[in-house]
Amino acid sequence: MLSQFGGGTKTEETNSLNSTTLDGLVIAVPTSSHGDYIKKAAKNGLGVFVEKPVAESPEEIEELYHVCEQHQVPLCCGFQRRFDKSYAQAAQHVQQGSIGKVSNANIFFGDSPGPSLEFLLEGGNIFYDLSCHDVDFIRWALNDEIESVYACGTSSREELTECNIQDNATMMMTTAKGSIITLTMSRRAAYGYDQRCEIFADQGKVNVGNEFETTTIISDEHGDHSSRLKNSFDTRFRDAFTNEINAFADTVMGKAPWPVKKEDVIRVQQVAAAAKKSLETNQIVYIGKR
Amino acid sequence: MLSQFGGGTKTEETNSLNSTTLDGLVIAVPTSSHGDYIKKAAKNGLGVFVEKPVAESPEEIEELYHVCEQHQVPLCCGFQRRFDKSYAQAAQHVQQGSIGKVSNANIFFGDSPGPSLEFLLEGGNIFYDLSCHDVDFIRWALNDEIESVYACGTSSREELTECNIQDNATMMMTTAKGSIITLTMSRRAAYGYDQRCEIFADQGKVNVGNEFETTTIISDEHGDHSSRLKNSFDTRFRDAFTNEINAFADTVMGKAPWPVKKEDVIRVQQVAAAAKKSLETNQIVYIGKR
Amino acid sequence: MLSQFGGGTKTEETNSLNSTTLDGLVIAVPTSSHGDYIKKAAKNGLGVFVEKPVAESPEEIEELYHVCEQHQVPLCCGFQRRFDKSYAQAAQHVQQGSIGKVSNANIFFGDSPGPSLEFLLEGGNIFYDLSCHDVDFIRWALNDEIESVYACGTSSREELTECNIQDNATMMMTTAKGSIITLTMSRRAAYGYDQRCEIFADQGKVNVGNEFETTTIISDEHGDHSSRLKNSFDTRFRDAFTNEINAFADTVMGKAPWPVKKEDVIRVQQVAAAAKKSLETNQIVYIGKR
Amino acid sequence: MLSQFGGGTKTEETNSLNSTTLDGLVIAVPTSSHGDYIKKAAKNGLGVFVEKPVAESPEEIEELYHVCEQHQVPLCCGFQRRFDKSYAQAAQHVQQGSIGKVSNANIFFGDSPGPSLEFLLEGGNIFYDLSCHDVDFIRWALNDEIESVYACGTSSREELTECNIQDNATMMMTTAKGSIITLTMSRRAAYGYDQRCEIFADQGKVNVGNEFETTTIISDEHGDHSSRLKNSFDTRFRDAFTNEINAFADTVMGKAPWPVKKEDVIRVQQVAAAAKKSLETNQIVYIGKR
């Protein structure tokens, strides 16, 4: 990928950002450093691809998009579900009206492999870390907006309970068009990377299911045994990441606009913030009109 | 069934309830008439099987159980999931600890075939009508108690919206042991009777899936096409109903106690009432200790 | 069933066959006694339902159909796949041309629970015992005729090998219309009653799959574990048997002809005989025009 | 891949084969040119990877292995099922005895997309073209040898029938250890690349299933609709091909022997030849001891 699109690594930073042979920059550093890189890239006329979130606060997100607009370079935030064939096909069916008027969606995000206790204790809020991809997806698929959030969380271990850190959480959201959405998240699904979404409407249902490590099934006196789910995002979303980088190349070359807009990036952060606040206050939290 | 257990129909009522050949009474009349029949049966020394709910209000439920206790006859409220092999197997796995410590459950109740608009307009609250079986099941499977409920609903048709009648609704509940449960309900799943339950824990997951009309799959250039889900409760839960009536016979004959207790019957009504109130007030509703 | 259709048991034989209240006779005795009962029933003007095979030899089958024709009573041989929703739906798709021109069918018959070694040693040829239902089905579904058979068998245990008794066997057949059919049979599928049929054509494929004991799936670190297949024919084909008896009632009452004809019954016996001969001679065996 | 392993294209041929920087050669040219390239590579001390078949005749295969042995370079024939996680896992289960004593295997090879009529008319025997991968796999998985073959074929179109060209065919094989294997092949599965293998034994069954384009399922009033199978070998076996090339690199670097031996390569050609002869003579064909 690197050679194909003329990228480089961090150690080549100074040279690469001034390089006349570069068209775009793929940023893969911690969120706190996103801002610096995005600004440098913009000032060098380079389009930027960055994994979600662009920045922690809506204000900083606004600022970074503003800088990129000034320098007329695209700021491309990655939400790989939009580039995944299964998720995209589900969204297309909903948008085409194949299943009628949507009333519900139930989403499951079970991460794998689970992080260490140390990682969990050091922080990282479950809503900020896990909800963004699915909130972006469902807003896009339903062409709808989240208006309220109620969230609860639980801790699977005593050490987490003591520190008030949740590694399992559920959000229930209502939308502008009147749909109800649940999103259940876990930091660790013991049986593999479990990412599903089901959208229910008056004429049918669309479901995005999981991918398995193998298609081998053993049948014995106890029943049928199939393989574990794929273990993590890298194998499950491998093709989506490829599609995403190809789309970034197209955007940098001016062939197609980037589908994720500033408003999308800000809204998913607002929804995560609302979920966090709901859990802390034990209240339903309403999100203002964007 | 009738001949096997010495039952009869309503028109034979007077004779049958005095009959010395009867051991038990299966009541299948509207809820509002349950009380009369239960009292008559108890006074004649007959055990009673009645579909949920035993009565509308917790007070009346208390009274009817009291009458049956006085006459020393069992009052057996039917929740067929407890007698369904798939649901019972899932509960057993959870209770045995096969999947570890439970943190979540996500339940789906899609009824089929959908009722007429007239039926919906005439009343019947979605929480009272649809939530009971799953609330009873999850309390039993997790050996846990519902403590709070947040509920939202939507109307699939303009006529229902105008009358403030919801035909789709979702409840999010928390339990005494700290689990979070979602229950999504619909009066009408266009693709058949969709009844699923998934319980997530730190070592795995248990899922109860649907049954299909046939096992035939057509593969063509568009993909794989399998049959519709079974259309309704009578085919999906046929074996469970048979098991249930057999269990009632065992209870009447003193061979085994009835698994559903007065407290269970009252609690599911309280949860439905809490959900209704939550929707009306747009607040989280807490249910007191039982 | 018995009371519904006025049947009785063997001990009531003398009375029942002369009874004026009887319309039909369901025969469920060993094949060697079929002839006597069929003749008695015919002479008493009673329609007869009998499980396959009607008789061992084509000659005796011919004779029994002749007797029933003379007395103008239907002789109804049961092949339950024709009354099973899944198999019937597959046949219908093929007959309607949904999948185009058929070139292949692959069929699997795994019996369960497996018989004892004693049973196997005492006899019963695997082709006669296991092939009939599937040969009848595929002839009907394809509206085609078997013309040649090549068969091989194996023995899963030393004791069976010594006695030249096969408990696993495979037949490969060609049809008049040019299709190729394989039928793999086993006396014992350790994982349950495994009955599948797949028909392949130039525009697609139709597959009849298995039914499971439950729909419960456990997911753990090793993968997904679903239930065992249904254990035997009585649970797998329960509805088909009910449909079959209802169809017999309709035939006896003159409402509908019985779908299985004399020619069908004879042909499946001829195919079984050809398979047996093929295994014994290690040659391809051709079956003459019917 | 090319840059990683120091390969090149055909136009660089002269230089590349003499290159001191090359360790191995991946040959991807028509079978008739395999011999020349293999000999050149061997003489230059380069290990060779070549897709099956190494050559058309057993004699030429022998010769080419001999040349490579003389020059002490590995001749690595690719059978990608051995490097596919699903097929390899199935083989491992069988070899470990997880399912007991094998009696049967049923294999399906449905190619996709189907070739043009012109391609079919120009030749290419279905047994030589399609049977090799599965015959290699089943020999390896069962650690067994094919001893007899009976094969039939059909033509899906009038033009093919006229030219005696089969685009659908089925082989039934017996093995040295007493198992029976069927292999059903089609030049064109309209619903996608259909590659399955099922191995049946006295304690259970192992099945390798298909992979789908997406995991999206639409449920509507007609049933459940899932995506098409993956369309062809390049997507279905993508990871297997990567594994295969990595294994070739390991072999060239002396880290691991190549798993496919000369005897394997010759035997699959003999089995294809036997199938062709069986179809032509309408006889069971026996293959001598290797």
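First chain written, first letter: the chains are A, B, C and D, and each begins at residue 1.
The rule is simple: a contact is a pair of C-beta atoms (placed from the backbone, for glycine too) under 8 Å apart; a residue touches a chain by one contact, two chains touch by 3 or more.
As the structure is a prediction and not an experimental result, all values here were calculated from the model.
Q: Please report the minimal path length, in steps, between chain B and chain D on the chain touch graph.
A: 1
Q: Farthest chain from chain C, comparing Cα centres?
A: A
Q: From the C-alpha centre of chain A to that of chain C, how far is it in Å?
A: 54
Q: Just how far, in Å, is the C-alpha centre of chain D from the one of chain A?
A: 40
Q: In whole angstrom, what separates the CA-based centres of chain C and chain D?
A: Each chain's C-alpha centroid was found; their separation is 37 Å.
Q: Of all the residues in chain C, which ones touch at least 2 other chains?
A: 190-191, 194, 203-205, 219-221, 227
Q: Which residues of chain A touch chain C in their complex?
A: Touching chain C from chain A are residues 190-192, 194, 212, 219-229.
Q: Considering the complex alone, what residue numbers of chain B touch chain A?
A: That would be residues 100-101, 103-104, 106, 108, 110, 150, 152-154, 156, 168-170, 172, 174, 178-180, 182, 184, 186, 188-191, 194, 200, 202-205, 282-284 of chain B.
Q: Using the touch rule from the top, collect the residues of chain D that touch chain A in their complex.
A: Per the stated touch rule, the residues are 85-87, 89-90, 93, 98-99, 203-211, 213-221, 227.
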